[in-house]
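First chain A sits with chain B, and in the next complex the same chain sits with chain C.
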Partner chain A sequence: MFMPEPYQIHQRLDALADCPHWQRLTEGYRNMQLIRTFDKKAVNLQRTGQLGTYASCLGAEAIATAGGMALAREDYFVPYYRDHATQYLRGVPLYQILQYWGGDERGNAFPADTPASRDLPNCVPIATQLPQAAGIATKAKLTHEHAAVLATCGDGGTSRGDFYETLNVAGVWQLPLVVMVNNNQWAISVPGQLQTASRSIAHKAEAAGIEGIRVDGNDLPALLEVLDYALDKARHGKGATLVEAISYRLSDHTTADDASRYRKASELHTAWQHEPIARLRHALVNARQWDAEQETQWQQHCRDVVDDAVKTYLEHPPQVPADMLDHLYATLPASLGRQRQTLSRQQGDPHA
Partner chain B sequence: MPYFTLPDLGEGLQEAEIVEWHVNEGDSVKVDDLLLSVETAKAIVDIPSPRDGIIGSLFVRNGDLIHTGEPLLAFAGDEGTGSQTVVGNLESQDDSDNQDHFVIGAVTEGHHFGGATPAIRALAQHLGVNLEQLRGSGPNGTITFEDVQQNANLKHSHGDSTPLKGVARSMAKTMACAGQQVVPVSLFDQTSIRHWAAHTDITLRLIQAIVAGCQAEPALNAWFDGSTLSMRVVEKIDLGIAVDTPDGLFVPVLRDVGNREPDDLREGLDRLRHDVRNRKIPAKELQGATLTLSNFGTLGGRFATPVVVPPQVAIVGAGKRFIQPGINNGALFEDVQLPLSLTFDHRALNGGQAARFLAALLADLSAPPM
Partner chain C sequence: MHNAQQRPQHALPLNLVEAINRALFQAMSDDHRVVLLGEDIATNGGVFRATEGLKAHFGLRRVMDTPLAENLIAGLSVGMASQGLKPVAEIQFMGFIYAALEQLISHAARLRHRTRGRLSCPLVIRAPFGGGIHAPEHHSESTEALFAHVPGLRVVIPSSPSRAYGLLRAAISCPDPVLFLEPKRLYRLQRLPVDLDDAPLPLDRCFTLRPGEDITLISWGAMIHETLAAADHLAQAGIKAEVIDVATLNPLDRDTLVASVSKTGRAVIVHEAPFTGGFGAEIAATLASDALMQLRAPVTRVTGYDTPMPYFAMEREYMPSVERIVAAAKQQMEY
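Then we have the complex of A and B:
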């Protein structure tokens, strides 16, 4: 078991003095800053008609970054839709993430030479990715792979049947699966206290007979410890784990939402006091692992990287209409031949 | 001049109201600088600048209603064209059926535009007709040749139509909805108020009479749900008072009129009117009426059939006082009459209930002053 006292919220940032992994933490910090810069830009692109509806990851940077850093090359990642950092760390270029949210299917063709090529694309329907993750884990177990599957969902997803079904088979078949819930307190406008009467989301592991762990989702080193443990356990055939990472959704649900209509400004203000990036920076600066000059340089670097990604995204020629047939059929049915011919004469339009 | 047009800000929402511009013509802006705030049906949204540049012209003002694809502003000069989705010729922006239907969460409704063939689009462009404002008469709401021609003729002889905004717009929607649902029946009557003192507060007397009417027939003070055909008689009388303003019709709610002293009521009434005129009335003060009074007689008119707004079941209208000859023991005298109209929803009430209410109301008005 990970902790002698189950379901206590695991934290690490306040006791880092003996940490032997400073390099890993500064790398994590850099990734979190980069993805926040990207996130802000993506929202602005949507606001100016250059991107479709977008789900911000503001406040989820530590969770998604920890996932990307803890996964090994041979593992599988099954995301929901706030995992831009994990996808980036698995090898998806930022411009492809923009393509996906711009409605361009080519954003889902992850580069073949990266770990991302083993992963599933974003899943927008709530929790339907979880049984698929259990399926991949079953395959990994049956073929004796030394690999784990990490699947994510939000707190709203834990009310779905798919979630319980997944935990159930993960327990009874002892699958190499880690389900990480980003409990960010809000499922669109439904607050946590209306989501479940369970003592915590992690407690739902009890019914499936698997281990449940609660961790501070704004604490990168704590998340890394939990995921290292759970993924290693999975790879060694020692069973599945449910991880509840407790965070706060600092953004609207998506760009089509306005959280100020149902959420108190004071609550949001309080949540900002615990946001993951400032907390990690504070710890790194205290330990003399990071300074103001590095910060300035890195922020400029993030802006340059994101601007490059936006440029690549915007300069990409739009998809052509014939792609909708080409991406669907390996061999085109004869009856669609003429349609394909007509479509192939048409230019594409930007979708967003 | 490169244009910046209103993007689709929330999963197929086709219109937005300008809340506030944060820049002026002539200002220099950088990419991602805040330009303006708009309000859609779902959210208040801040829109940043898509590029560096100098603001040339603003095409809409605070409070204006704008549709996706219509220009917000033009950048000055001609330096570069920027992204195709944002900046370009206005002609290329009318492709309004190219929408994003990607959804996380609730599904939104489609829009009203029924579509048109390329030839109809070309005709419309030639004649300067905005297809978005047409209701198609063809199959599935498609726009026909005749629709476009008719609209062009109208435009030629009478100029452009003006879309309703704000209060007027919501009144139009509310009334259309009420008109489709309610089965209205009206009763008219009048009563002598010759005995009233010169400075009688007519509105207060009317409110007291309505309370008396509700005591005689409580079912008039109720909410009716047409979809479930269920009725909820309400004990407390929260009276909607129709107030005419230059911006349109407001109906603020005077709470619990059955249990308040006249001075208190007058003070509450004055405060509501004052707040409405200054446009400072909170939205909740306009909600939850159980019955409505329209005292249109202060402006003119004798009898009327005012519209019952669901879930309410009735509305009382008071007309302008008038003088008519009265007879007392065979002798003529000059009488003062107050005309009253009562419209009720015949789904929720029957004629007997309405008549009993009106009779009690009239009896109270003709009683000697308290």
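Then we have the complex of A and C:
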């Protein structure tokens, strides 16, 4: 039974001998590889004008994969915007993730028959998803669900009032909530030491009266242990947890950013030595759970899956312009109906 | 229109805040998904007593005192509403609602839209607004126009106990977010019959409170009181004023407004909020484009001044008076 050490950075990759869940770890490895292949493709699509501004998840693969694997079907996920792996593992098809970043709201219409069907969509205004996650956790508690809510944000998000207000109410109301911060060291160009003078982000749980845990965000088995523990605690009504997952943003903030303007190449080079996928592969290969042949086969599989998703995305018929009016209200108000007619007429619909 | 007179056997004399309380009670009785949250609303029953007795009846799970954070209240409500609850949140005074703007604008109003209907946000935010009760600084604002500009957010303002009852019940049943602004000057002004069995009122309709042929007086909220009094004064001078309570600012019932002004040819719009960019400007623009050929005089707006709401020592001078409305109407008649 995992018991976290207060504010010690939890690691597991270097001590896997007593952690026999190899099947889960190889599955996690496959997921991380898949999402990195997807991520690389998405950046390429943006560079070639086939996708909008895109937030890469390079370096966040372990955090988001652990989230997706630790969540149960009946749980809820409230993302920020670097959680493609979690969304995928919750059942959002990759082509829909592309659709979202391709500027199409249909990317948020997650399939009804998946765990993602109730999850919130990406949240762009920083940390504003956190009070909403507390609201979902309140609903789960009020209706006696055996369910937890996992919400994510970045290190920049911890400077917002939303973050503190959420931890505060989660403590007062003993909410079934886990807030996981992807502390990837950079909020666009602003480094961690300009966000907070706190000893760590996890320490911020102290003032809210909830548990704070630090974990190596490049260590999939450690992340799984921490999230299993925190989500289980939440589901059993034992309160909320703040998880600080320490990683490094290996990408630019988004495709609209150029990180070379504000951080040293040497720092990035060092960070690559700790990136989550190579570390896990190394551990799996050492334990004879993975080999070069499997690697080759899986990489080919990832390319095929991603190519299929891109094909579906690019071949999807465009929305009709009236869609931007039709989904705002449950029923179209008369005043908007008139604007709809005007729009349709401008679009050359003779029946409008 | 709400019609208490037809079924007096079910009508109770209620003031506006009592009508709000009854509507909340009824909605919570009818639908177990309705929950209340806000500051001081549970044990204390709200600073205006709008939620009095509801904790005792429905329990703390459905009537929740929150920590003191308006942004949190709105965010909690969005989260709850996204998963099928129907939260009715109280913001203690409109002057404190601005911390909740981001949740309302960036999330509540667009959740259905941005998920293409996968999720929706059937929440109600209630907030007392407007001046005239000698309240402290930041307790008397009327910033409804800020919210009426937000696509997807209904803005509803009752002006009588029966409309408060019927509109709030409709707001709570509404599958989309509603900002429900309560004119606190009217909370305890007078008791009027409210039929508790009446159907909820429509959320996309203006109410014609008084028919007339000569001029249309358009207002909402507490100013309806001055506007109706002005119509009485004008009647004494032989001027028949039609009085329209806009009631729902967004989406706006342009048809009723345009039809009335097409008939009378004159319009005075009355609101407590500042002049520039006030919601009266939207109505004036609508009349200028849709009733131009019927207008016999330029549309006039009688409003607060383009200053912050003054402290209460001068609030009477700031808010439109019966005299200012009558004078504007007479000027129109002489145009």
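Throughout what follows, the second predicted complex is superposed on the first by the 333 of 352 C-alpha atoms of A that agree within 3 Å, B and C clash if a C-alpha of one lies under 4 Å from a C-alpha of the other, contacts with A are read in each partner's own complex, and residues count from 1 in each chain.
Here, a contact is a pair of C-beta atoms (placed from the backbone, for glycine too) under 8 Å apart; a residue touches a chain by one contact, two chains touch by 3 or more.
Only a predicted model underlies this, so the values are computations on that prediction, with no experimental measurement involved.
Asker: Taking the superposition on A as described, I'd like to know which of chain B and chain C A:Q294 touches: first, second, both or neither.
Answerer: In the superposition, A:Q294 touches no partner, neither chain B nor chain C.
Asker: In the superposed model, does chain B or chain C contact more residues of chain A?
Answerer: C
Asker: Can A:G103 be said to touch chain B (first), chain C (second), both, or neither?
Answerer: In the superposed model, A:G103 contacts chain B only, not chain C.
Asker: Which partner does A:T26 reach: the first (chain B), the second (chain C), both, or neither?
Answerer: The answer is neither, since A:T26 touches no partner chain.
Asker: Does chain B (first) or chain C (second) touch A:Q50, or do both, or does neither?
Answerer: The answer is first: A:Q50 touches chain B but not chain C.
Asker: Once the structures are superposed on A, label A:D257 by its partner contacts, choosing first (chain B), second (chain C), both or neither.
Answerer: First partner only.
Asker: Touching A:S159 in the superposition: chain B (first), chain C (second), both, neither?
Answerer: neither
Asker: Classify the contacts of A:Q174 with the two partner chains as first (chain B alone), second (chain C alone), both, or neither.
Answerer: In the superposition, A:Q174 contacts neither chain B nor chain C.
Asker: Show which residues of chain C lie in contact with chain A when the two form their complex.
Answerer: 35, 61-62, 64, 66-67, 69, 71-72, 74-85, 87, 99, 102-103, 106-107, 110, 112-120, 151-152, 174-176, 204, 251-255
Asker: Give the list of chain A residues in touch with chain C in this complex.
Answerer: Contacts found on chain A: 76, 78, 105-106, 108-110, 112, 117-118, 120-121, 125, 128, 130-140, 142, 161-162, 165-166, 168-169, 172, 323-324, 327-330, 333-336.
Asker: Can you name the residues of chain B that touch chain A in the complex?
Answerer: Residues 4-11, 32, 42-50, 83-86, 95, 98, 100, 102-106 of chain B touch chain A in their complex.
Asker: Would you pull the chain A residues touching chain B in the complex into a rising list?
Answerer: 41, 44, 46-50, 52-53, 55, 81, 103, 124, 188, 252-258, 260-261, 314, 349-352
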